[in-house]
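In what comes next, subunit A is part of two complexes: it sits with subunit B in the first one and with subunit C in the second one.
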Partner chain A sequence: MDLYIAAFGFGLVSLSVIAIAAVGFTMQFGITNVINLAYSSVMISSVYVAYAFNHAGVSIWLALIAGAIFGAVFSFLLNRVLYTPFQRKGTSLLGMVIVSLATSLMIQNVLLAIAGPYNVSYVQPSGGTIRLGAIVLTVVQVLVIGIAVVLMLAIHALLTFTRLGKAMRATAANPTLARNCGIPTSRVIDVVWLITGALCGIAGVVAGMNSDTFAVGNGPGYLITIIAAAVLGGAGQPYGAMLGAVLIGEMTELSAAAISADYKEVVAFAVLVLVMVLRPQGLLAKRGALAAAG
Partner chain B sequence: MNYYVETILVYAGVDIIACLALNLQFGVSGIVNFSFIVFQAAGAYTAAVLSMPPDTASGMSFQHYVLGLQLPFPIPWLGGALVGGLLAIPVGVLLLRRLRSDYQAIALLVLSVIVNTVITNYRPLFNGAAGLSVIPPPLSERIDPYTATYQYLYVGITFVCCLLVLFVANRIVNSPYGRTLRAMREHELAASALGKNLVALKLTVFVVGGIIAGLSGAILVGFISYWAPITWLYPETIVLFAAIIVGGRGNNLGAILGGLLVPLGFEEITRFIPTGFGPPGLGPAIQWVAIGLLIIGFLWFRPKGVLPEPRRVFNEAGIEESPFMEVRAS
Partner chain C sequence: MAVIGPNGAGKSTLLKSVIGILRVTSGHVLLGTDDVTNHPPEELARRGVGYVPQVQDIFEPLTVLENLEMGGYLLPPARVRTRIDEVTQVFPALTSMLKRRADKLSGGERKMLAIARVLVLDPRVLILDEPTANLSPKLADNLLQEQVRRLAEMGKAVLLVEQRARAAMQVASWTSVLVSGTTRLEGSPGELLGRPDFEELFLGAGTGLKPSSGSEEEER
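What follows is the complex of A and B.
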């Protein structure tokens, strides 16, 4: 039993990582209508930017900020240089999926050429451990959970209490109507890419801090858990993504304790298929995968 | 040198067959099958275990796999094609039934990654990450595979398979069924409003594509005698997509041209780029970046490809060709 309680503790950490990543991913889709399959590639690039700073002697927390800034700027540029022009050209949703997948492949391979295929890890203070019954977490892991909680509260506050958040929700609901009401939608979308890119970068770096080692090849694995969490909660729904992250994070860690850690992603995928078959609109969304493409 | 030419010819044949199959799904019907390579792999694994001796036989104990039936030549290939088609049924039923098309694409992409992970980690089925090796070439008990005759024979059989697949693909594209597929691609709602069963259309073309993909895998594995998870990672599907986008979506000739230019061209051209500078793996990395640039470049500058799909204008009996129709056609 202790094994499962310990796994539940690890689940808290991985759900925090997934939540940060999945909220960014789902906001990109919900507000800008791009399924950004390059998300995981931006994420792993941020991991390596932070790694470069970290190994130059900068503390991991400053490196985390560097990773966040990199993720934000990179995502912003990705949208400005690639996605927006293709969308303006009238590329279909499917066309955008292909474009983003090709982009993902390119980013990943440029990174592979620069960083090499090796497993590396951050230099970080070991700090010690915190015990709570059978749950044993390192201080870093507890801080990761803390970062996730703060970020989720910040996203909630942004969407609920600020004019910018209101503009974002309006743009997500109906971009044409939002524009006609005087909302500068293209500027709103720029800000969305900056914010979600920062979330993407932070998620990458905390994922790197949470795992013993990481390599460029981890990218596709991130993407599967992120997509599973986002779709489970209802694609395009930030709160849905948070709920999806909680479920996927705990399920993958508990299954790792029960079966084998090799099959974590398979469990995430099984959940994804079940949701797509039984409830394609996700747990929270009223409309989602069932809506006509267009 | 001769062996090099024959290898290229067989690879070209396999790529052309795969591109024709993917063109039926992606080009003609608009199904973005990001797990295409899984069906090719299913055909390859099936053909391998049908033609190999049991894993308890002498000299095979270093690998574990199921079956090992040692069946004579055409059966493993037919089995590969069959399994490719059979696998398409559950995948199609699960993923193509109700989902929006961009969700389908993502689900298929995730499927591709996951199936590879499972086969890599689960050893009893197809020997896990190490993969199957020493797969006997077809007909090797009659003809020595190391002779020139055998190589020519293999190229010949591959060529015949290409022609066969091209014939089938052309018949499909030019049939009323093919027309319905194009209608579905252009406007799902309109096709459905005209009483076309979208799910049945998608499923059938998914199965046909799966059968052809399985055959292409069987041909490839018989020639290279080796098959492992590393040979069918999900980016391999993207290469085929690049081929079809470059060649011309929806046009079988375009698929053939793309199959010749992209997978083969890139493999062979990069072979002649000097190695030994930069970090290890720079060459393949450049290759993948080039594939990505090719897709994005063509989608931006020439989305219809080198050989665009022919515009079909129907002049039905009883309707005279009016100036209006000419305007529409031009």
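What follows is the complex of A and C.
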């Protein structure tokens, strides 16, 4: 039993990383109507920006902030320079997927040329461990969980209580009507890319902190997990992505304890397929932060 | 002012061009003496033009209150609450449903919210695209005879596009008849209805304009 409780603890860390990433990904789709397959490439690029700062002697926590800023600015520019011009030309949703996939490949290959294919790791204090029954986590892992909780609450507060967040939801629901109300939808979308880009950057760096090592080749793996969590919860729904992250994060770790670590992703994605068969719109397609609060 | 005409006459296209959703390729859109041709919708909202589209007229995933708040997006935050209070006095039925999700509203409630949302900004000009579409005859009559008339009495210039031609003419002081994208006739409703050839000019054939008390159902 202790094995499962310990696995549940590791699942909390995994789901925290996935939740940060998946909420950013799903908000990009829900509000700006772009399925951004370059998300994981921005994520892994942020990991390496933080790595560069970290290995220059900067604390991992300041490097985390640098990764978040890089993710925000890179995502903002990606949208302004690449995606928006294509959307203005009337490129279809599928066309935008291809554009983002091509962008992703370019970013990854440029990053590979700069950083090389080697496995690297952050310099971070071990900080000891925290034990809660059979759950044993490092201080860094507990802080990662804390960061995820704070960010999820912040996203909830943004979308539910602020004028900007409500304008984001209005833009997601009906962009033409939003413009008729005087909402500057272009500026709202700019802010969405900055916020979701920051989430992408943070997710990448905390994923790097939670791994012994990382490499440029980890990017596509991130993307599969992020899409699984976002689709499981209901595409475009931030609360759905949070729920999807909980399910994917815990299932991967618990199945590792039950069967073998080799099969943990197989089990998680089998459940994803099952949910898609029974409820193709995802678990929370009718609700979520983009829908009305309460 | 009412713009009437048969299906496919170009009424909604005209409004979308006026409101900046579609690009105008010839002619001008004047707001008072200002040329606002091809100004974007958000700029027209700033200038006091409110628009209620025929469909997708509310933010469905948002609550009624949040819809009204979005209607007042251009106002200073402190003023929005006051305006919502004022608008809900005009539409008191909305008061009890402020926390309800907008997609849970009935057709009549939904249209009431759409008009109330626009009114939060206190626009000078109100553009309504077939506000009675999908409403029951009773609700449609109520909307045109009471609510649209009330808007005009509040000092708003109302540009109304309607398929329920006679009912629209009963509340309008000026009517334009649009057929195949061009203005076939215009004048006061009294003048137009007084013309013996009005029905023929309206459509060239059956118009649905036989004398009635106003609702489309009865006209048919």
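Operating definition for what follows: the second predicted complex is superposed on the first by the 284 of 294 C-alpha atoms of A that agree within 3 Å, B and C clash if a C-alpha of one lies under 4 Å from a C-alpha of the other, contacts with A are read in each partner's own complex, and residues count from 1 in each chain.
Assume a residue touches a chain if its C-beta (ideal position, glycine included) is under 8 Å from a C-beta of that chain, and two chains touch if they have at least 3 such contacts.
Quantities reported herein were computed from a predicted structural model and do not represent experimental measurements.
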| item | value |
| --- | --- |
| Which superposed partner A:L194 touches (first subunit B, second subunit C, both, neither) | neither |
| Partner chain in contact with A:V136 - subunit B first, subunit C second, else both or neither | neither |
| Partner chain(s) touched by A:I183 [first = subunit B, second = subunit C, both, neither] | second |
| Subunit B versus subunit C as contact partner of A:A102, first or second or both or neither | first |
| First (subunit B), second (subunit C), both or neither touched by A:I227 | first |
| Partner chain(s) touched by A:P280 [first = subunit B, second = subunit C, both, neither] | first |
| Touched partner set for A:I65, first subunit B, second subunit C, both or neither | neither |
| Which of subunit B and subunit C A:L254 touches, first, second, both or neither | neither |
| In the superposition, subunit B vs subunit C on subunit A residues touched | B |
| Common interface residues of subunit A - those touching subunit B in one complex and subunit C in the other | 290-293 |
| Residues on subunit C engaged by subunit A in the complex (per definition of touch) | 19, 21, 40-42, 44-46, 50-51, 53, 56-63, 66, 69-71, 73-74, 77, 99, 101-102, 117, 121 |
| Touch list for subunit A against partner subunit B, complex | 35, 37, 82, 85-86, 89, 91, 93-99, 101-103, 105-106, 108-110, 112-114, 116-117, 220-221, 223-224, 227-228, 231, 235, 260, 262-263, 265-266, 269, 272-273, 276-277, 280, 289-293 |
| Touching residues (chain side subunit A, partner subunit C) in the complex | 163, 166-167, 169-170, 172-174, 176-185, 290-294 |
| Contacting residues of subunit B [partner subunit A, same complex] | 30, 32, 34, 94-95, 97-103, 105-107, 109-111, 113-114, 117-118, 121, 188-189, 234-235, 238, 241-242, 245, 278-282, 284-286, 288-289, 291-293, 295-296, 299-300, 303 |
